[in-house]
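Structure, as structure tokens:
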Amino acid sequence: MAGFMQQIINGLSIGSVYALMAVGYSLVYSIMNFSNFAHGGVIMIGAYIGFFLLAAYKMPFYVAFALAGAGAGLLALIIERVAYSPLRKRKAPFLYFIISAMGASIFLENIVIATIGPTFKTYPKVFSTQPITVGSLSVGRLDLIMFVISAISLAILIFVIEKTKIGMAIRGTAYSVRASALMGVNTDHVIMIVFGLGGLLGGIAGMLFGMKYTVYPQIGFITIKSFIAAVFGGLGSLPGAVIGSVLLGIIETLTSGYLSSQFRDLIAFALLIVVLIVRPMGLMGKFTEDKA
Amino acid sequence: MNILEFNNVTKQFGGLTAVGNVDFQVAKDSIFGLIGPNGAGKTTIFNLITGIYHVTEGEILFEGKRINGLQPYQIAQLGITRTFQNIRLFKKLTIYENILTACHENGNYGIFDAILRNGKYKKQERIMHEKTQTLMEIMGLEDRKDIIAANLPYGWQRRLEIARALASNPKLLLLDEPAAGMNPDETLKLMTLIHEIRKQFKVTMIVIEHHMDLIMGVCDKIMVLNFGQKLAEGTAQEIQENKKVIEAYLGEEEMHC
Amino acid sequence: MDWFYIQGILILAGINLLAVLGLSLLTGFTGLFSFGHAGFMAIGAYTTAIMSVKLHLPFIPSLMIGGLIAALVSLLIGKLTLNLKGDYFCIATLGLGEAIRLILDNVQYLGGARGWPGIPLKTTLLNVVIIDIIGIIILVNLIRSKHGRNMIAIREEEMASQIIGINVFRYKMISLMISAIYAGVAGGMLGHYLGFLQPKMFQIVKSTELTIIVIFGGLGSISGSVLGALVLTSLPEMLRTFAQWRLVVYGIAVIFIMISRPQGLMGGHEFSFHAVKKIISSMFYRKKQRGLGGR
């Protein structure tokens, strides 16, 4: 039983980082109705920024967090301007956005390989590896910090979306881009804010992910699992993305704990397929009927 | 004899009743008009007949057989086809290709016949091309053969959509606002065309339209819908004199065109 | 550049072309987007290798079985996912493609993630060219039949297709199965060219590459797909000396194509001497030009 609880705790910790990544996919999907596969590249760059700030410049970790988030947010904005905004103006079909996103992620991954190199980089130790023990359960310090930082970031995001004027504009635009534009919302700004926010959280998540494991150029494709979590919860729904991520995190740790770590990724993709077949709108998504 | 029957058909979206307990019959070889204010449920009725929406309650009979529950393509293969209010052509194809595509049921050969280009393929393709040619001539489209559908003027797009519908040899043709966006001259031509189609193709038609001239001019029988309910049914004259209809839809003073 | 090197590039381009032709039917002519075709290639590659290495069948029958098994898997996948709308079908194929790869990673009998060396080298330039030509002829004949027209109709306007009696689900399925056969055979040839198979070769990147080629050539154009496969396979190979930088440029090029010439090289038209003549004559006589209608 203690072993089981231990797995749940580990699952919560990694699930919360997935959630931080997944909201980036969901925010963009809720407004632009396409899966932004460049988000993985943005997360990866965030992880690298954090690594260099800590390893080369020996910055305090909270400064590194802030700068990794800011850098990734800025990058997401640039990608939006360069790769999507021209498509948006032309009202191109969703596939063009996806291909453009794939192009951006190929670019990001390979520019890192070409300049920094394809090797794994290990973050310097910021936190002691001594776990915190409560009874028979032990929690790694890093796991705890991952969970706390993710939870705080998500709470701030939810506050922004629910309580501020910007958040209202985002919710309105998600409901109907056209109606919001007619009501005087500058949807172009909203889209930029959404990309910035998604990138910011993605950068922080990337750094947490890098601290837990390592940093390497293909991290972007690993983060596709957070996309699966977003689909699982219901694409376009923020609570869905968070719940889906936490569940995926727990399912993953249970799989590697009780079956084999080799099946961990397979389980994630199997889950994606099952969800799409049984309930394509996900746990929290809404179902839409076609009109003639 | 009735070609189509609605028996107490209801369609609900969530809590909203779009069509409530509607009953009507369409006689074979007749032209049946469907009128009513916007949002009365006219297009919903077309969507129910063609299987795009599923009936919540009641049944729809076509030639005495129940068709609700069938897939749209199955209903089409039984002989019901339609046009759309917001024209749905194969936009990037030419006029000829639009009609030829719709002729697919006129020729029958398998995938392997196509890959091998055998005699059967050639013979059946010839039949389909001939049918397309004939339709182009009847509909007066033959000298515009190679124009891309999206580049056609509005009125001609509507005409092409009717031609495409006729390509599948329908027994029942549903026209959803065929005169929308047409000028009076084009509307007049459309009326002639509808009469012509009836004579040439022996097809029963149901027409949704807001142009009262057209409805009164071509329909044998008219049904008026209001808020998803049947308000009245009868000949053009009976409808024009019906008090309820005048109140709800046609207006006190004079009918609008 | 010696002949051996050029031959190698041509074989790779020819193998890619076969997979691209299949995807062209699905994406360019039926309007369905797949990010899982590398999965069908993987199934074809491993099945063909099992047939020839473990069961000692000749090359061509092995390839056919490879294509057939890929088609069977696509039938199963199609039954489950073809009813999903737009984006979701695309995501489902992505998940399935990755799932196939991850399963192969864990099958130790086939070498697992480490790979499977020692596959006989049976793919030659000659048999690649022959299979490509057969593939093109089949595709052209199919497109110019009522079955091909029904698929194009679905791409253009799905609801109208149903209304004129086209069984949309069935035609999407046929299109998916044929494209899976092409991908499967291409995978089989790839394994027997490299002499080595590894699940890593069939990542999402491979699926994306195929889709990018189809779009680069122009949706709904077979000649565009041929041209696209030749250019986009050989160019990066020739730039191999620039190592990683070529992929950096590739990424930028993809974005650039999307935002500047989304209709692709051929813009939905086919290359034909008739069309060329028409263009030239319209240059000389300034007649009122009508749509070329070359499709």
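Letters A, B and C mark the chains as written, and numbering starts fresh at 1 in each.
One rule holds in what follows: a contact is a pair of C-beta atoms (placed from the backbone, for glycine too) under 8 Å apart; a residue touches a chain by one contact, two chains touch by 3 or more.
As the structure is a computational prediction, the values presented were derived from the model and not from experiment.
A.B. asks: Relative to chain C, which chain's C-alpha centre is the most remote?
C.D. replies: Relative to chain C, the chain whose C-alpha centre sits farthest away is B.
A.B. asks: For which chain is the distance between its Cα centroid and the global protein Cα centroid smallest?
C.D. replies: Taking the mean of C-alpha atoms per chain, the most central one is C.
A.B. asks: Could you give the separation in Å between the centres of chain A and chain C, each centre being the mean of its C-alpha atoms?
C.D. replies: Once rounded, the distance between the two centres reads 31 Å.
A.B. asks: Counting only Cα atoms for the centres, state how far chain B is from chain C in Å.
C.D. replies: 39
A.B. asks: Please report how many Å separate the Cα centroid of chain A from that of chain B, as a whole number.
C.D. replies: Chain A and chain B have C-alpha centres separated by 49 Å.
A.B. asks: At which residue positions does chain A touch at least two other chains?
C.D. replies: 290, 292
A.B. asks: Counting only residues that touch at least two other chains, what does the list for chain B look like?
C.D. replies: Each of 52, 84 in chain B touches at least two other chains.
A.B. asks: Tell me, which residues of chain C touch at least two other chains?
C.D. replies: In chain C, residues 159 touch at least two other chains, as defined above.
A.B. asks: List the residues on chain C that touch chain A in their complex, please.
C.D. replies: Listed in rising order, the residues are 33, 35, 80-81, 84-88, 90-92, 95-96, 98-99, 102-103, 105-106, 159, 203-205, 208, 211-212, 215, 243-245, 247-248, 250-255, 258-259, 262.
A.B. asks: In the complex of these two chains, what residues of chain B are touching chain C?
C.D. replies: Its residues touching chain C are 50, 52, 71-73, 76-77, 81-82, 84, 88-94, 97, 100-105, 107, 109, 111, 114-117, 121, 124-125, 128, 146-148, 151, 164-165, 167-168.
A.B. asks: Residues of chain C touching chain B in their complex?
C.D. replies: For chain C paired with chain B, touching residues are 138, 141-142, 145-150, 152-153, 156-157, 159-168, 174, 268, 290-291, 293, 295.
A.B. asks: Quick check on the complex: what are the chain A residues that touch chain C?
C.D. replies: Listed in rising order, the residues of chain A that touch chain C are 33-35, 82-83, 86-87, 90, 92, 94-96, 98-100, 102-111, 113-114, 221, 224, 228, 231, 235, 262-263, 265-266, 269-270, 272-273, 276-277, 280, 290, 292.
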